[in-house]
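Sharing a structure with you now.
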Amino acid sequence: MNLVKVQAEPFDIAEVQDGLRADNPAIGAVVSFVGLMRDMNEGDQVATMTLEHYPGMTEKALEAIVEEADERWELMGIRVIHRVGDLNPLDPIVIVAVASAHRGEAFQACEFVIDYLKTRAPFWKKEKTPDGERWVDARHSDDDAEARWKR
Amino acid sequence: MNLVKVQAEPFDIAEVQDGLRADNPAIGAVVSFVGLMRDMNEGDQVATMTLEHYPGMTEKALEAIVEEADERWELMGIRVIHRVGDLNPLDPIVIVAVASAHRGEAFQACEFVIDYLKTRAPFWKKEKTPDGERWVDARHSDDDAEARWKR
Amino acid sequence: MIKVLYFARLREQLETASEEMESAGMESVDSVIASLKERGGIWGDVFGGDQPVLMAVNQEMVDGSTKINDGDEVAFFPPVTGG
Amino acid sequence: MIKVLYFARLREQLETASEEMESAGMESVDSVIASLKERGGIWGDVFGGDQPVLMAVNQEMVDGSTKINDGDEVAFFPPVTGG
C-alpha cells in the first residue's frame, strides 16, 4: 500500500498518482507535493545541483516517517520518491502523494511527511553557482515546520 | 497564470500539473488536491452521480476564490478544474493545483481553495443508490473547514 | 423585470428552473422570498424557513437584505456540495 | 571494530568517507567524538562543537549519549537538506 523509493532516475508524476488511487473506489482525496529544483537560492543563480544521501539509512528514515503518518491519520496509501545524483533547474526532486477517504487527512499527512523528510532523511544538496560549488545550509524554517507536528 | 475551468469532460491530472510548473524555474513547490468520486456515501453504495451547477456563477465564484488565495499568499500559479454532469466511482471530480517558491504557501493556498470551493461554489451532487436517487447533503465539517480561514 | 432561477433540490421541489417576475415592489431579496412564500403549497414550504436556502444576486452569494434592481438575476439553491 | 561513516560537507572537510575503529573504550557516540577530536587539526575543528554535527548509529538518528556495541555502524553528517 505504501511505497518509498530513492533513485537517480526521474519519476513520472502521473504514474505515481495513478498508481496510488488505482482501483480503490473508497479513496476520495489524493494530495500530492512535488518539490522542484529552483534556479535561484539565497539570491544566487544555481546552474546544477548534486544530491548526496546515506544509502540504507535514507530508505529506513523515509519508511519510519511514512509509518508514523499512517499511525497518526486514517490513510489509504502513501508514495514517497526522492531523487539523488545530478539535477538541473525545473527537475522534480521529490514527490509525496497521500490518499485518504476525506481531504483533511491527506493534506495533513502529506505536509507532515515532507516536513519530517526535510529534517530527518539524510540527503544533502550541493549546488553549483557562478562563485563555485557550495553545500546548501539547513533552513531554520524547516525546523519550525517539523516542530509543529511534535506531540 | 491562473486558470479556472468547469467542464463535462475528464481532465488530465499530469497535464494540469505540468502546465502549471512549465518553464518557471522559480517554482520550488507544487501542491495538488484531486477529489475523486467514492462508491460509498453515508454508508450506502453509490452507483453513479450527477453534478449540477449554476453556469456563469460557478466560474465567477471559483475566480473569486482563486483571486483571494493570490492575495493571501505569495503564489506562482493556480489551476482549478471541476467536472459537471455524469460521474462514476473512481472518476476525478476536481483538481486544485498551486505553485509557489516554497512549500508552506502552496499547501495552505491549495487547502484554502478547496475548502472555499466546497462551501461557496454552486455545485450540487445527486447520487444514485440502490434505494434510488438523492441529493447529497452539505457537510458541517465543510463549514468548519471554511471557518478556519476567516480573518 | 427580474429573472429568478432555482437549482438542484429546489428546482425539483418547485418544478421550476426559472421564471420572470415584476420588479415593482421587490426592494430586496427578502421581498422576493416573501412573495414566493405567499404562493402557498410547496412554495410556502421551501421558503418557509425550515430548509436552508442560499441566494445569489447577479451570480454573487448574498443575504436576504440585499437590494434588487430591475434586470437583476436572482437565484435560490440549497447549500452547495461540489468538490 | 566499529565502522564510522562521514557524509557531505564533513566527508569533504575530513577527506574521509569511512574508516574502521577499535571498539575498545568506545562506550557511547560521545566517546567516539572525543577520540576523533583528539586527532587535532581539521578533526578538532569539525568535532569541536562549533559546527552542527548530526549522528546516527546503525542508520538511526541518535544523540551523543547513545551506547555503542562492537560491529555498529556510526555516522556523522551535517543537518540534512533534502526535499
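Observations, loosely collected:
Which chain is which? They are A, B, C and D, in the order written, and residues in each are numbered from 1.
Throughout what follows, a contact is a pair of C-beta atoms (placed from the backbone, for glycine too) under 8 Å apart; a residue touches a chain by one contact, two chains touch by 3 or more.
It should be emphasised that the depicted structure is a prediction, and the values quoted were computed from it without experimental measurement.
Annotation of chain C and chain D: not jointly contacted by any chain, touch as defined at the top. When you average the Cα atoms of each chain and compare centres, the chain farthest from chain C turns out to be D. Inter-chain spacing, taken between the CA centroids of chain A and chain D, is 26 Å. Rounded to whole angstrom units, the spacing between the C-alpha centres of chain B and chain D is 48. Centre-to-centre spacing of chain A and chain B amounts to 23 Å, using the average Cα coordinate of each chain.
Of all residues in chain C, none touches two or more other chains.
Residues of chain A in contact with two or more other chains: 35, 114. Under the touch rule stated earlier, the contacting chain pairs are A-B, A-D, B-C.
The touching residues of chain D, counted against chain A in their complex, run 5, 7-9, 52, 56, 59-61, 75, 77-83.
Contact residues on chain A toward chain D in their complex (touch as defined above): 35, 51-54, 56-57, 60-61, 82, 93-94, 114, 117-126, 135-139.
Those residues of chain A whose C-beta lies close enough to touch chain B in the complex are 13-14, 17-18, 21, 23, 25-40, 89-90, 101-104, 106-107, 110-111, 114, 141, 145.
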